[in-house]
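Heads up, the next two complexes both have subunit A, just with different partners, subunit B and then subunit C.
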Partner chain A sequence: MAVNGVGSSVDIAVSGLRAQSQRMQVIAENLANAHTTRTADGGPYRRREVVLRAGGDGPSGVTIETVRPDMENPLQRVRMPGHPDADADGYVTMPNVSIPSEMMNLVVASRAYQANAAVLKRYQDSVDNALELLR
Partner chain B sequence: MGGDGNVIQYIEAGLRATGMRGKVLADNIANMNTPDFRRRAVEFEKILAQAVEDGDLEALRNFEIDVTRPMDTPVGPNGNDVDLDREVGEMIKNSAIRKTYMRLLGKVYDQMEIAIQTQR
Partner chain C sequence: MAINPIAGGPNPVSGVSGIQGTQRAQPTAKPGFQDTLQTYMKNVDKDQHASSAAVKDLLSGKSEDVLPAVAAMAKADMSFKLLVGVRNKMIEAYKQTLNMQV
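== the complex of A and B ==
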């Protein structure tokens, strides 16, 4: 008798949780470094972004393909004459982090996280129902 | 008692199909932010009803579950077409159907147990 699918549904929901959780970590890192002008490799912080990918063929959840620096959005040149990292013209090159953007991304990732958590809860209930058959 | 052999096959087919659908819906939700992802759907009710009407035991035993990408839903800016509210609605419906099949199965087993005991 096949009462199938529940195990893999749990794996799929968990993959969603992990992906969104990692995404939120990257967003937090961007926010923390929104004004960092000196990194370990020298130069200002460059925003990092997460690339999501659906798993294999057939429904198999989601994975993070890669976490990469955002090369599309340019670093910002801001006029700050007194700043220790200001250039000869008094401009500082700041990170390409847009705080409103990151907050939006955080909201989206958070909502997706909650959705996956709700799926997980539902499958927990489903397993409990199946177990009742055995009583 | 002739038809009862079909009942278990029918319920099993329904359980396999709703199980698959649950997996597909979980996957849609897990991928609600994945760029260029299109949702999948599982169709089985009509095929199942037809197989039962035809009394087709073979079809029930090897019940084929149809997993498709409807491609008929509007796509967002990142190429994704998953609407969370819709997936949640589908999931709730699917859970209700699945629960019904499980309870039915429980009832069939109970009846079988009664039949076995009365025959002692």
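== the complex of A and C ==
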């Protein structure tokens, strides 16, 4: 029985758990910086998203390819004349984080995490079932 | 495996020579059941050590990721259960052989 075989279900499920928890981490960062106007690169915060990649040949789980900034959604311009980062017209460029859609992504990521945990549990149960046959 | 030298020997009483026979046969023959079992037990032991090291790392704060500990514990648990199952089955077979009417 390949309990520890390469590409065992335990490792695959754990790689899924890791990927989803990384997604949740990035979503948390997006939500925390939903109104951040100053970053190290200058300019407002840009929402980030995780890009996942399937493992090599055969089933070997998922790896985190990269975490890249979202350049598709435009940054929002909000009129806040008193703000220190406001331009000459009184507009502040705010991050392109949409809190409702981040909350939706959070639900998706946490459900996917649960699904991977369920796979891990079911695999352990099925190994236990197989070992019951030894008795 | 130990039965062959005893049955094949001219003197059935000398069980000791039978045991010596198996020991001599080991280097030339393919790995016996004992070696297989020992290798598997070593693997199970390695899993157990990996699991306890992962838990220790987690509790001592060396690692903040709970997932390696989860994976190591799941693997150690499953392989140990398999070892216990095989061991129970072997003891059972031994007892059945012992109670056999000759």
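Rule of thumb we're sticking to: the second predicted complex is superposed on the first by the 125 of 135 C-alpha atoms of A that agree within 3 Å, B and C clash if a C-alpha of one lies under 4 Å from a C-alpha of the other, contacts with A are read in each partner's own complex, and residues count from 1 in each chain.
Here, a contact is a pair of C-beta atoms (placed from the backbone, for glycine too) under 8 Å apart; a residue touches a chain by one contact, two chains touch by 3 or more.
As the structure is a prediction and not an experimental result, all values here were calculated from the model.
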Subunit B versus subunit C as contact partner of A:Ile27, first or second or both or neither: neither
Partner chain(s) touched by A:Val97 [first = subunit B, second = subunit C, both, neither]: neither
Touched partner set for A:Val62, first subunit B, second subunit C, both or neither: first
Which superposed partner A:Asn116 touches (first subunit B, second subunit C, both, neither): first
Contacts of A:Arg53 with subunit B and subunit C, given as first, second, both or neither: first
Contacts of A:Ile12 with subunit B and subunit C, given as first, second, both or neither: first
First, second, both or neither for A:Val108, with subunit B first and subunit C second: first
Partner, of subunit C and subunit B, that touches more residues belonging to subunit A: B
Partner chain in contact with A:Asn129 - subunit B first, subunit C second, else both or neither: first
Subunit A positions touched by subunit B in one structure and by subunit C in the second: 1, 3-4, 8
Subunit C-facing residues of subunit A, complex: 1, 3-4, 8, 10-11, 14, 17-18, 21, 120, 124, 127-128, 131, 134-135
Touching residues (chain side subunit C, partner subunit A) in the complex: 43, 47, 65, 67-68, 70-71, 74-75, 77-79, 81-82, 85-86, 88-89
Complex contact set, residues of subunit A against subunit B: 1-6, 8-9, 12-13, 15-16, 19-20, 23, 51-54, 58-62, 108-109, 111-112, 115-116, 118-119, 122-123, 125-126, 129-130, 132-133
Interfacial residue positions of subunit B with respect to subunit A in the complex: 12, 15-16, 18-20, 22-35, 37, 40, 67, 84, 88, 91, 95, 98-99, 102, 105-106, 109
